[in-house]
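Below are two complexes that have subunit A in common, paired first with subunit B and then with subunit C.
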Partner chain A sequence: MEKDETIEIRWHGRGGQGAVTSAELLALAAINEGKFAQAFPSFGPERRGAPVLAFNRISNVGHIRVRAAVTNPDVVVVLDPGLIYITDVTSGLKQDGIVVVNTPKSLADIKSELSGPWKLAVVNATVIAREALGIPIVNTAMLGALLKATEILGLESLVEPIKERFGPRAKNNIDACHRAYEETLMAELSVVGQGPRKAFETERLLSWQELLPGCVVIEAGNAKQYRTGDWKSQHPVWDQQRCIKCGICSLFCPEGCIGQNKEGDFEANMYYCKGCGICARECWTEAITMVEET
Partner chain B sequence: MATKRIGMEGSFAIAEAVKLANADVVAAYPITPQTHIVERLAELVANGELNAEYIPVESEHSAMSACLGSSAVGARTFTATAGQGLELMHEVLYVASSLRLPIVMTVANRALSGPLSVWGDHSDVMATRDCGWIQIFAENVQQVFDLVLCAFHIAEDPSVLFPTMVHVDGFHLSHVIESLYLLEQEEVDKFLPKYHHPYALNPDKPVTIGAFGPPNIYTETKKPQDIALRASKKVILQVWRKFSELTGRYYSPVESYKAKDADVLLLVMGSFSETAMMAIDKMREEGQKVGLIRLRLWRPFPFDEFRQAVAQAQLLIVLDRALSFGGPTGPVCSEIQAALYPLETRPKIISFVGGLGGRDISVPTFEDIIRRGMAKAKQGRLDELEMIEVRE
Partner chain C sequence: MESLAIYAPRLVTTKEYLASGHRACSGCGEVLAVRLTCKALGRNVIIVNATGCMEIVSSQLPYTSWEVPWIHTLFENTAAVASGIEAGIKVLSRKGGYSQKTKVVAMAGDGGTMDIGLQALSGALERGHNFIYICYDNEAYMNTGIQRSSATPFGASTTTSPAGKISIGQTSWKKNMPAIAAAHDIPYVATACTSYPFDLMNKVKKAMKVEGPAYIHVLSVCPTGWRLPSDLTIKAGRLAVETGVFPLYEIEAGKYTLNFDFPQLRPVEDYLKLQGRFRHLSKEVVAQIQERVKAEYAKLKRKVIQGS
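And now, the complex of A and B:
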């Protein structure tokens, strides 16, 4: 980082993936290095799996005064591979900014999906996290990828904050962080995309004139429109040979999104399936496997 | 119209109004500081004179919460509270107004502890100033009866749908027996339309109320709430006009007494205004050009009517029955100052605080307040808040 520089980072993750923790650890590491830093989440309806944002500002200059979300980041970190398809993760990203993405895809494949005047860094953090920690919580791995891509801090500065946060689990997290640092690949994105830039559906927010007295919602059952299927990192797949059609999966599904199709086979409605894996766990003939989203 | 003047306690007059309004639900918590209002209503429900659901709840917080539910299903809902009880309701008051539930509540205005006090002043009201309810002050038992009836009409108007408080000074009105004219049931039935909430909870036509409002919508919910509360004044005026056609008794957001040619105006709220009138009469007899202004409508604040009422005066003396600890003046006076500040010509303002925790203000004391106010204005001592009759 330059002497007079302030870097702004936006983290895109899902509730439970540790985006907020990433931002916090990064800020603590920066402050330990003698820099000035901020970390703060965008507080929303904290549901596991729902898209969440967290923010960092890191400065060599002095105390950071602005207390508003980062809308023109220098760096964007995407913890969940699926997010680049449902949210505009590069929104407001500065010219020559950096996108750090967790993805099982190859650098070439992601390059064909993202375009703009930015640098790209990719790492398969989910695999690293599963192997190092046994769970797909990618925050510490993505910190390694971020530092490789930006060099804003020394990797060793993260060790103390990670130790303090994770205690007995710190070593595995440091391993994940280091491994991601080594495995992160960088490339320049092409400014001209392969096709028209993807248009993201953004929720239309009501104006004050459109709200009914008392903010009453008269459209019954409109929660059905809510695509909770966007939350999943895995989805269930049925082996119909093993399935004995007992229906236990549909009884246990907390979303109520499992039913029988015309052939009588059980399947999940992917519009609502959050990928929680309860069906696979409860299936006593082991007919259901959870498969990574790609 | 009933032509016979009868004697009745203020609390009972309120219960009578609620009975005549044929309230569907009364939820209340019967502990000190409560009043005879809900005690009498319990009796009326028990003996079959009022066909209502009476919900004896476990606290004032629950009383208001029960009112939310009953008002939301479209039931005409009433409760009464006072002092500490109002404070315990506090968070639910905001829910009632933001959900636009036209609950009617009488508040027997009392001081707040400590030291432990159940006696009258306006400390409890002032703490709820910003809770989004329509707030109306009564000055005598007749007004208490009239204004509670009007409150149902105002609150339940489809363009209003705001909960409404009628402020009744604790003890001075809640526990006093004086005379009033009641109304016949047929007259009330004709005056008061049926309550119909346009979005009432109904299993056959489900709606969501009380959803959460994240930062991207909360502001949009508050703007129309504020606009609608301000706009409710139009309906308040209409209802009071309609009531005057029925009874010949007129109510206005700001009321004056011998104020037309007055150079000096005293402003009070609630039951003390009638005592203050006596002082005005006396000083008028002595040839002093003094008058009285009474704020009947506290929320929405009647800016136009108020500015008009004080436009000709040189001096405005404001009596608060509550303190704003560490604040500029008494809470009413700071609102008055804010209301007049944008005007190029405005009266000088002097602030007094008195009548706290059930202490009376006598006619001579009111005269003294006016005289001292005039003297202080002459000396330019405009930035002092003075508490009257504090024992040295």
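And now, the complex of A and C:
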């Protein structure tokens, strides 16, 4: 970090993935280095699985007075590989800013999907987290990747906050962080190129003029228009040979999004499926497997 | 497992009254409970829904997931609003303006039912309104981020009963809400859980037929608040029942029936160890919980044997 600089970071994750914890740990590490720091989530009704944001400001100038959400970040960190296809992760990113992405894809593949006047850093944090922690919670690994890409803090400054937060699980988290630091690859993005392939059309929000007076909703069940399918980080796949067509999956799906198609095969509607994995867990014959989104 | 024919799920209506596109957490057991309840209730109902997760996730402007008449209430007055609607229907029927037999169904979380809405609920049960009250018990105030309620079990860590070096988390035992409802001498009280969907739906259908107040207490697994992988929602509910932590029973006109009896309960540890909110518990505290569960289960069985 330069001597008199304030760096703004925006974290893109899914509810439950630990974006807020990442931001908090980073701020604590910065404060331990004698810097000034903020960490806070974006507040909203978003729930486990839904795309969420968290923010950091880190400064070696002095107190940070701004309390607003970060809209023009110097760095964005993307915890979930699928998010670059469903949200505009580089929105407002400053010239020469850095995009740090967790992805199983190669540097070259991601370079062909993102473009702009930015630097790119990639790491397969999901694999690292699975191996180091046994679960795909990537927040500590992504802290390692962030520090490799930006060098805003020393890697060792994270050790204390991680110990404090994770207690007996600290060692594994520190390992994940170190490994991601080692494995992060960097590249310049090309300024022109196509944007990322969008998984779905982006939803258009209604303006206040379009709402009925009194906030009346006149169409029963119109939430059907609302897509929750982009909350998922994995999706169910049926082995129709094994499936005995009992329908227990459709009964237990919290989204009510499993039904039979014309051939009589059970399938999930990906427009709504949130990837909870209940159907796969409860299937009598283990005909359903959860496959990670890429 | 529920004793059911393997193809029984195919007999359940595919009609949904709670539309997809709701914003409950991935793997939410509470929204699943509401979805199944609505299938059992059918079309001819008016739902009165307290503030809480279920209201928030189902009614975000400009969308609603509800396919049946639905009104949002405060915590304090859910049962009072239900009473008013029921009384209104009665008057309209008497005056000849309304001929349908519409059931009024109040729904609230454990915070909305067992803490904040208890007074209005007690009043409505005592006055004998013809309605169903369903408590979706996820064992804390989840919508606002896992604050303890009187339904939070002993030893659970929440944001307002955090476990630490000295604290074991929640230090009081879960309030016995079905017993409080039953103390009003109402015709029907039942406990249910989403992991037993047919039992849940049968109880809702039974409650529909009751003249007078019916109270159903549904254990609703919340993977977010219980710190549980989202695919284990159903398994956790099943373990709650199989360990005797949350027995499934009915009280019909004062008579107790245990719907699933286990000669040998599973150790509570099987249930506790699945969940992050109990991760910190020592062997001693687990043993203490085991004792309590055994004693409560024995108490319940005595009531079943005595018939009341």
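Just so we're on the same page, the second predicted complex is superposed on the first by the 273 of 294 C-alpha atoms of A that agree within 3 Å, B and C clash if a C-alpha of one lies under 4 Å from a C-alpha of the other, contacts with A are read in each partner's own complex, and residues count from 1 in each chain.
The rule is short, and it goes like this: a residue touches a chain if its C-beta (ideal position, glycine included) is under 8 Å from a C-beta of that chain, and two chains touch if they have at least 3 such contacts.
Every value quoted in this text rests on a predicted model; they were computed, and no experiment measured them.
Engineer: Using the touch definition from the top, say if A:R48 reaches subunit B (first), subunit C (second), both or neither.
Structural biologist: In the superposed model, A:R48 contacts subunit C only, not subunit B.
Engineer: Per the contact definition in the header, classify A:G221: touching subunit B only (first), subunit C only (second), both, or neither.
Structural biologist: In the superposed model, A:G221 contacts both subunit B and subunit C.
Engineer: Please indicate which partner A:P104 is in contact with in the superposed arrangement: first for subunit B, second for subunit C, both, or neither.
Structural biologist: neither
Engineer: Would you sort A:P213 into first (subunit B), second (subunit C), both or neither based on which partner it touches?
Structural biologist: It touches subunit B, and subunit C stays clear.
Engineer: Subunit B or subunit C: which reaches more residues on subunit A?
Structural biologist: Touched residues of subunit A are more numerous for C.
Engineer: Which of the two partners, first being subunit B and second being subunit C, lies in contact with A:G116: first, second, both, or neither?
Structural biologist: Touch partners of A:G116: none, neither subunit B nor subunit C.
Engineer: Looking at subunit A, which of its residues have contacts with both subunit B and subunit C?
Structural biologist: Looking at subunit A, the two contact sets intersect at 45, 206, 211, 215, 217, 220-221.
Engineer: Which subunit A residues qualify as touching subunit B in the complex?
Structural biologist: Those in contact with subunit B are residues 44-45, 205-209, 211-218, 220-221.
Engineer: What residues of subunit C sit close enough to touch subunit A in their complex?
Structural biologist: 6-7, 9-10, 12, 14, 16, 18-29, 31-32, 35-36, 56-68, 197, 223-224, 229-235
Engineer: Within the complex, which stretch of subunit A touches subunit C?
Structural biologist: Residue positions touching the partner: 15-16, 45-50, 206, 210-211, 215, 217, 219-228, 231-232, 244-248, 250-257, 259, 269, 271-272, 274-278, 280-282, 284, 290.
Engineer: Give every residue of subunit B touching subunit A within the complex, in rising order.
Structural biologist: 98-101, 161, 198-199, 205-209, 211-214, 216-217, 219-221, 223-224, 228
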